[in-house]
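For clarity, chains are labelled A, B, C and D in written order, and residue numbers in each chain start from 1.
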């Protein structure tokens, strides 16, 4: 298939690489040149502008947030000049706000471009293995068209969440919130037991092998126990951003999320002490220990 | 082995049954007669008093809380009259406060009785299958003596947490807190997504099969989605009690647990509206939905 | 003096009336005609458009929020067409967001119009008596020019907060937050004592005459005790809006406000149960009693 | 009148001094001898034991907390040996827990001693001037008997709260909670405005002279602005203790106090960083500034 791909960060590059390996023809664009070069070596064509890459049987984009997505696709006029004949379907994989997702759906609709949201769960190594969990929402026809592509090259499982694209973004934010809540709970539990001389590692080993198996408790448990603030696989300030988006989406639906508020406030405090560029899970997960003087 | 067993609630009966099946000689006591009769049919001897059951190579007790344990063992004088020759080791499996666990360790020490804490993770059906997770703490000799017994008949895995018995109680409270935190986070996430027309069930299916496998998210996810307030496998007021014990233990170690405070307050509100006898996980897990008018 | 006045809600009308009484020549504009007519009867000239009223030695505006202010002054082109010769100074008395206040200062600067923020503390009856507390910020020359006018006709006391106009808005939001916090604390204290058979009224009488004199505790104390949800002198949804603006301004300065988060969440819950149009102080102040089933 | 007085801390000494000045005959006792000597110089008789001082037409006690009160009056046997003929009325002015107040009422009742609670609002200098606010509760006859004494020598105003003595203790805890809440709100408001370059002092001046007059906002405002952690007129760990008692009383009445929980957690954090002996109002009031890195 003839595919455009915009946004080659860690996640975007990994997914684009998978699509190349699956034999598709890719035209890629990115703000900084380095990741473009690496994909060119693997067979991708290079688009001179985002607008050039915003064409094909399907276009994927994986830009970092609302601001960048708006700059590249909206303010640039790319979307305003798009045509259904050149760009029948755009699959946006970024974690963006629900309000912006709704705005994008409307803007695409005006140009006749099918707009599908497909945010993913998983980190770059999972993406490179094609084993992401994909949350898919958008108009039926467009969504069903891209589904096989996503199943083949991106994710081991694709979950379908209705016709309104932003639904997939809400679910993504809800899942990220649960991840943050799990981390905060690990931190508080570790602070409690540390008060009685028990190592966080011993607590996390226990729960990871009993009530809480799976990647979150085991993976973050290890990082928190080892105080591995770096490297930052996911930066604290981005973690705060996602919690903020979840709270904003909840507020728009008149829904309080007290645990979300608590995590937001804890992360603001962390940023105020200069931890914004460190690993989110460790910054949040060690906050309770820090408050207890541990 | 010659074993005394005090306290035959759902968990106690299941564990006592396992010990009988493993071929041990059991002398059992319980406040109400019904469960005693059922174990008698399976071969247990019946003790006329708690004091009679508080003898043997090992004595197990599984009483519901601090108050009942204090009434049966302390205020009754059973412990004050105990002798090391008749009761070398007492294994207390109950979820009690850390302060009371320390007091019990001291009282046992005065009588020369080895005091071991062995609270467990898992529900009665898991207990009946001998697959509980056991948290073991107490003086080395006593703990190592009972360990094979616990591994053989009670739990698939025994975790050792040091010489101070109350350490196992702290860990148990920390784990119960994490369980409550996971439930609250499920509730808030479901309230967020419900605001956009997504069924809680769909959210829980997704997370249970991706980031959050395991019994907690899957089991409670189902109960919360179905609003199964009854039957109450674990009552809301007991859930509140455990959170309160975790906060008390944390306070004694000068440790704030803001998420714990939030859960405590949510449960107090639930009790004030008369939900104390309903299922803890559903009462807590649907609180966020209720606050959002869902 | 020749004064333009835009926005004649309860507060705006009262302040405009004071300026008329002080002998100034007023040209007024409002979206709905009724309050315009009442001021015309008292001697004001009627402007056909907001643009016409946006001229004079000084222009005051008192519009309800960011959205309305943006619609009337920015999106309409009024500000873009303004000239320093026709509109040397604009005094904005509205409670708006800090970010928007900064944006307005910049837009005014581009047109050479002096931009001063002068939000006030006090309700309409206080405004009609010319006894408001005025928070004044903005460029020195403009601020000092309008200060005598404000002291003469608007407020018994004018507080100066520096050259950046938005500083006055931050202070206004901080004060409104403190007001909300005082109300929440009254509610929780009343819920505590109500649990022991003490009437909220008795508690509020005590504190109003001892540690907490002044209009807030006494005024809201009475309203909360009497459950006077109506008339809504200040609507719950507007109270929530102000707390939200405080939290947004704090977040922009990397500052957690946990009590603010708690109040926000309580108000979201109130809106979800349909109390958005009721009196803010009573909705918030009775939330704790409601949670305790009182 | 013939009066016994037990407990001569700062508050007790000031009140006892007032009773002496009013011409009463006082027999005083205190654990440490220094304050006893000072009152002896002013004409008081010295009791050799607490039991000796626990006699007279009226006995006052002002001991620091539950533990000390229990040690001096209960565990010592003083109360168990008391007789109605020797000790018709005991006025307990201490801030104690509601549960212990109820227990004391029962123990006094068994001995025929009238038990009245009379906790006070105000600091030692206010006490020395006889201008405390007195919260009075207990059986009608005893309470009415001591009321003139309290009005004459202790407080400018006596508030009556019913026949159950512990009601006065609940009210005292509620007021202390409101005081803590006001301080926390000042801290958060100051942190918000400090983020925009406004000095806490300027904010506190404004509110103290407008919406929030009175001793709390003005007095603590000054201390917080000046970061006067010492001298500790009221220590942080005692402030935490009072919040804890409020939460315990609320919990016993199934009443959540989320702002109370938040203050408790903030104070636990302060104690964990070693601020327990510093001034409560400043420790709590500067916590929000600290979290914002200010």
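Note that in this section a residue touches a chain if its C-beta (ideal position, glycine included) is under 8 Å from a C-beta of that chain, and two chains touch if they have at least 3 such contacts.
Quick caveat: nothing in here was measured; it's all calculated off a predicted structure.
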Set of chains whose contacts include both chain B and chain A: C, D
Maximum centroid distance from chain C, chain identifier (CA atoms): B
Fraction-based call for chain D against chain C, same above half, different below: same
Pair joined by the larger number of C-beta contacts - A-C, B-C: A-C
Whole-Å gap separating chain A and chain C, where each centre is the average of the chain's CA atoms: 40
Inter-centroid spacing, chain C versus chain B (mean Cα positions, whole Å): 54
Residues of chain C whose C-beta touches two or more other chains: 250, 254-258, 262, 266, 268-269, 272, 291-293
Touch list for chain D against partner chain C, complex: 98, 121, 133, 135, 157, 159, 161-162, 164, 166-167, 170-171, 173-175, 177-179, 181-182, 184-186, 188-198, 202-203, 205-207, 209-216, 246, 249-250, 252-260, 262, 266, 288, 291-293
Residues of chain C touching chain A in the complex: 244, 250-251, 254-258, 261-262, 264-266, 268-269, 271-272
In the complex with chain B, residue positions of chain C that touch it: 268-269, 272-274, 291-293
